[in-house]
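Below is one structure, written out as structure tokens, with a few remarks after it.
Every chain is named by a letter (A, B, C and D) in the order it is written, and numbering of its residues begins at 1.
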Amino acid sequence: MDRVGGWKDGVVLAVVLPALVLLGGCRLEDRETRPDPPVAQALGQVALMPNGIGGSPPEVYAALGRPYRESAFHLSQGKRLYEWFGCQACHADGQGGSGPSLIDGWWNYGPDLPTLYTTIHDGRPGGMPAFRDRMTRDQIWQLAAYVQAMGAYTGSLAAPGRSDRPQTRPAENRLPAASAPLR
Amino acid sequence: MKQDVVVDLSDLPMNGSGTASLTWWGTVAFMLIEGTGFALMISVYLYLGSLAPAWPIEAPPPEWGPGTGVTLLLLASLVPNVLLSRWAAARDLRKVRAGLLIMAVFGTAPLVLRVWEFMALDVSWDSNAYGSAVWMLLGLHTTHILTDLLETYVLAALMFTRHADNPRRFGDVQDGAMYWNFVVLTWLPIYACLYGIPRL
Amino acid sequence: MRTRPLPSLALLLLCGGCAGWQSALDPQGPSAQALGQLLHGFVLVLAAIWLAVLVVLAVALRRRSRATPQAADRHAGIAVGTACVATVLVITGLTLASYVTTRVISAGAEAPLVVRVRALQWWWEVTYPGEAGPDVVTANEIRIPAGRPVRIELSAADVIHSFWVPNLAGKQDLIPGRDNVLTLTARRPGQYRGQCAEFCGMQHAHMAFMVIAEPPEAFAAWRAAQQADSAAPAGAEEAFGRQVFEQKPCGACHTVRGTEARGTNGPDLTHLASRATLAAGMLPMTRGALAAWIADPQTIKPGNNMPMVPLTPAELQAVSAWLATLR
Amino acid sequence: MSARIQDDQRDTDLADAPLDAALRRVWDTPRGVWGALATVDHKVIGRRYIATAFVFLAFGGVLALLMRWQLARPESRVLTPDLYNQIFTVHGTSMMFLFAVPVMEAMAVYLVPLMVGTRNIAFPRLNAFSYWMYLVGGILLWGAFLVDMGPDIGWFAYVPLAGPQYGAGKRVDIWAQMITFTEISALAVAVEIVVTVLKQRAPGMSLDRIPLFVWAMLVTSFIIIMAMPAVMVASTALILDRLVGTHFFNPAEGGDVLLWQHLFWFFGHPEVYIIFLPAVGMISSILPTFVRRPIFGYLPLVLAMVSVGILSFGLWVHHMFTTGLPRLGESFFTASSMAIALPSGIQIFCWLATIWYGRPVYRTPFLFILAFFFTFIMGGMTGVMVASVPLDTQLHDSYFVVAHFHYVLVGGAVFPLLGGVYYWFPKFTGRMMSERVGKWVAGLLFAAFNFTFFPMHVLGLLGMPRRVYTYQLDMGWGGLNLFVSLSAVVLAAGFLLFFYDAVRSARHGEPAGDNPWGAATLEWATASPPPSYNFARLPVVRSANPLWEDDGVLPVAGGLRVDRRELLVTTVGGALPEARESSPRPTIWPLWSALATTALLLGSILTPWAVVWGAVPVTIALIGWFWPGGRKEEES
């Protein structure tokens, strides 16, 4: 009976299984805080359609592994920037005010990332200011991704949780935003 | 080492009942764990209440109706529950079968009424800390009703199989009944907390 | 001061003071003084007990008992009983000493000067509510008049931090939703370093600040100077630097009074160059350090909230030149 | 030899060899993979538990070395701050939740049934379940760390840093669910031990004859039962805040940041005694063997352990002295924290008296006890310092505290544990560990430990806060830190030597025999390693040191059935026989239940609905677990 189980099992189970995770895994929640300057430069190369709506992201974005939309870290940074750069003044917590709502499912210029990036970077007619001189490109990507996550129809595992502030709507990770009840 | 037989155990019963049964002690230990959990959750409720300038926070006190209904149902269920325990002690299979079916009903009814009780809280868990505390307190207790109810269902089913006529089954029924008493008794302080404190 | 291991061990055992600009062993204020005395008292008493137990153990290991079991149990009972009584006496004494020290520290908390300290990831915002004139807002540096108690009102903007200037006082947490107060007094003019003592995220290690105690006159002069707007650029390079600062993202987060820059997310830089350190105690306040910091903040303090703003070498030169003149 | 076993065959009628064969037939774990996964033998599971816990110790040690590498020089860039924060969190979490508590419970899972003279632990299937839950919790934490998703918030996960706004991603959720896994497993083992000790003691083992390690585990289990629900409540509230937007810790909506600290430390301080009391019990059980006399002060030792257990719930605020709580309350907690020095002192004094009137034999386990005296008492002294409100404002969250709790946990718990491993290794494996290597291990660990951690006291007083990933050159902490880092390498070498000795001795050690140390307690009354049924006939106890009775003959009880797994239930106080009770056979259901629970808990990190659909497999697995199989164990 001593040949059955015991020490070896314990060691094998505790060592081999995490190692398997490592084999199949990658760096799932990497927190890249410093894009290399050439990368940061290239992040600005958004090719937009002539009407200013829709386009393709810069090539470097794919090379980076599409970090902004899928990384919880970048999204939470985007959420911080949303507050820091006064987006709430016009858009509230996404419900909109003097600016359009970001969670009602209606996008004046389309919900794709390059468009959102351009909207923030260059501004839009009707009051949306340009942030190209106030934020770095990396930051604009983070903010654009956060805005997209906030208004997305499908919930995302990377979406931020509620803030430590008075609540005005369910947090981004709760429900697809458009179906979230407003109050 | 040389051995010398000094005690003969041959005549002992083949399983213990009541305090001579291991499952009885296990049930008591788990009740201690869960009782601590309830006590802590009530402390959380009272602690948050003591910090808030007004309690409940931006919500009316919960409506009396459904919660009181649940309380009455739970208290009423104690009668068949105690009877069931006695029948099990007397190893009366027919009555135990009937008792388990009654208890299955008496367990399901408050669970159904619980749905209205949650709505009668008049606050959502994500409204504020008061809402979070009452939902968690009520949720924790509902989980206990639910698990004990499942156990009752399984025991009831078991009692209609060939495994039924066995002193161990009757012991299980008794332990289940004891646990239901615990679920009912822990509800009383929670009820007092949820419905009394906001009206003080 | 460079500390070498073995002398330090000896130093602590001998209860010697150990100077340092962030050290509980070198008290420079009444609060830290009382704590230092209490520390020495505790260390002496407890080290003596520790040694005594080890001596008893050593004797117990060496001797060979010939006592009968009954006699052994009786003697041991008396010895253990005595030791328990002694333990009770010692811990009662230590508890009383703690209590008295607490009373001493919190007594005389009358402090006319109020400084508000708000902790953020990962820096300290310091506000002197205006008596005559505007509030003085600075960062990562607390100037106080030497010899006078100062009331520090502590609040946190994001997560929990802890305010600790070991040479002057014990630490006090800054907790979101709960405001705390600490009274600081520096006996002598000097620079005392403090640091966040509650883990607060990526740059917890580099969240330091300086407490600079000055003679009261010097403090008053400093305070008056801080109320003024920033100085006008002295030359062309500085003027260009100011222009870059206003046009680039810098101004979105930093305020420099007297310019277009009115951001409030980062430290107020109106009198940046008058501070002793840069980047929450990390770098000396020199033009070179400024340039290095602006050029690549994420390498110096990975994860901090200042982004790497792309600047040309000329812009970088000019901005750092201008900032270095903001005295 | 294998005479046919009839129904209701009793051991009284059988000679030793047929009895052994008959008992093996019902008690042995089946061979093969199924047997390994289905076993409910407390010894197999206990060994597995111990080995797993030591693997996590080794992993945690590697992380400690990485941290010391980073801290050896000022402004070093070996690790990024993000990685450093994950490393110290996983180090602390792993050591507390995956090593210290489980390894003590694992020792108890193996030893308590043997020490009280029964054939298996109470609720053996729950025991198997608890091991699987523990293993999955450990894999969750380490797997997450390996893919850069390790928690980065410190092992006590203070909100708001761990809350929804500042704890981005799934890192904190993984931490919180890991807590759930390990707490479920710890609570399950606590229940088993309580019931085993209260109801399965050998006939005659009245309350004043229970071995002190068993007493310690009984008190510890009660502490676990009362303390662990607090951290379950806390981590559940944290997860709810993060995932479904409750506001327990959000001050803007009526929550409170300090609520987390109250709940966590209401568990966290007793946690220290959950780790320390078993170690105390080990010392009380090992010491008499090596000073060749019964322990002095059995009753005071028991009372001291019980009062430590009670007092441990009145101390939690001393982790919060710098948060600005009312002064009066703080003074109360100073007094209660100081008061626990008395029962701790009583234990030390009783051990000293035992040594004083004994004749020490310097074998490796005893050396570890001496190392314990030197280091733990110093940890206790610094504990008195941090218990003082005013002093704590200087010491709290500095390296002084890091030094203090390593002195208490390593000096107070790991040294006795290693002593215990050297002591019980022959019982576990049938072979002795090397006395020569053991002395090196004890010496190396003792010296290197003190060189590593003593300077941290000084660093703390020199102003070095804990959990900093680096420090600046001009702080003057470089020399001491380098010294600490170099000592840490030696400390690691000591542990490596220990592991080498354990692995080597398991195969090539000297055969041990039943009772190599001449010890007094019941685990030495059976073979080494014990057979699957532990005792061919259950021993009968007539004194606190049953094997030191003069005659050399073990009184035993007869009359149990050998055709089913049968053991004895006795009364709580006097251990008088009450009933013959059956013990379950191997079953795979605990594993399925653990896997189903895992699916539920992991799923709930991703979506709250997992609690609903995850409940279905859990229910099925539990019904499978409890549905009777019609075996002889079911008879009455």
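Definition applied: contacts are C-beta pairs under 8 Å (C-beta built on N, C-alpha and C of every residue); 3 or more make two chains touch, one makes a residue touch a chain.
Just so we're clear, the structure is a prediction, and the values are computed from it rather than from any experiment.
Trainee: Where the centre means the average of the CA atoms, what chain is farthest from chain B?
Mentor: C
Trainee: Where are there more C-beta contacts: C-D or A-D?
Mentor: Counting C-beta pairs in contact, C-D comes out ahead.
Trainee: Between chain B and chain C, what is the separation of their C-alpha centroids in Å?
Mentor: Once rounded, the distance between the two centres reads 52 Å.
Trainee: Using mean CA coordinates as chain centres, what's the chain A-chain B distance in Å?
Mentor: Centres of chain A and chain B (C-alpha means) sit 45 Å apart.
Trainee: Let me have the rounded angstrom distance from the C-alpha centre of chain C over to the C-alpha centre of chain D, please.
Mentor: 38
Trainee: Mind checking the centre-to-centre distance between chain A and chain D? Centres are C-alpha means, answer in whole Å.
Mentor: Inter-chain centre distance comes to 42 Å.
Trainee: So which stretches of chain D touch two or more other chains?
Mentor: 82, 160, 165-166, 241, 244-245, 247, 250-253, 256
Trainee: Using the touch definition from the top, which residues of chain C touch two or more other chains?
Mentor: Only 176, 202, 302-303 qualify.
Trainee: Return the residues of chain B touching two or more other chains; collapse runs of consecutive numbers into ranges.
Mentor: 126-128
Trainee: What residues on chain C touch chain A, complex-wise?
Mentor: 176, 202, 247-249, 251-253, 265, 296, 298-299, 302-303, 305, 307-310
Trainee: State the interface residues of chain D toward chain C in the complex, per the touch definition above.
Mentor: Spelled out, the residues of chain D in touch with chain C are 80-82, 85, 153-154, 158, 160-161, 165-166, 251-252, 256-258, 293, 296-297, 300, 322-324, 327, 330-331, 334-335, 338-339, 341-342, 345-346, 348-350, 352-353, 355-360, 370, 373-374, 377-378, 381-382, 384-385, 388-398, 454-455, 457-458, 461-463, 465-472, 475-480, 483.
Trainee: Taking the touch rule as given, give the residues of chain D at its contact with chain B in the complex, in rising order.
Mentor: Against chain B, the touching part of chain D is residues 10, 12, 122-123, 126, 187, 190-191, 194-195, 198-200, 203, 225-226, 228-230, 232-233, 236-237, 240-241, 244-248, 250, 253-256, 259, 262-263, 266, 514, 525, 536-538, 540, 552-560, 568-569, 572, 577-582, 619, 623, 626-628, 630, 634-636.
Trainee: Write out the stretch or stretches of chain A touching chain C in their complex.
Mentor: Per the touch definition, chain A meets chain C at residues 31, 33-35, 37, 40-41, 80, 84-85, 133-136, 138-139, 164.
Trainee: Touching residues of chain B toward chain D in the complex: what are they?
Mentor: 1-16, 19-22, 25-26, 29-30, 32-34, 36-37, 40-41, 44, 47-48, 51-52, 57, 125-133, 135-136, 150, 154, 158, 162-163, 166-168
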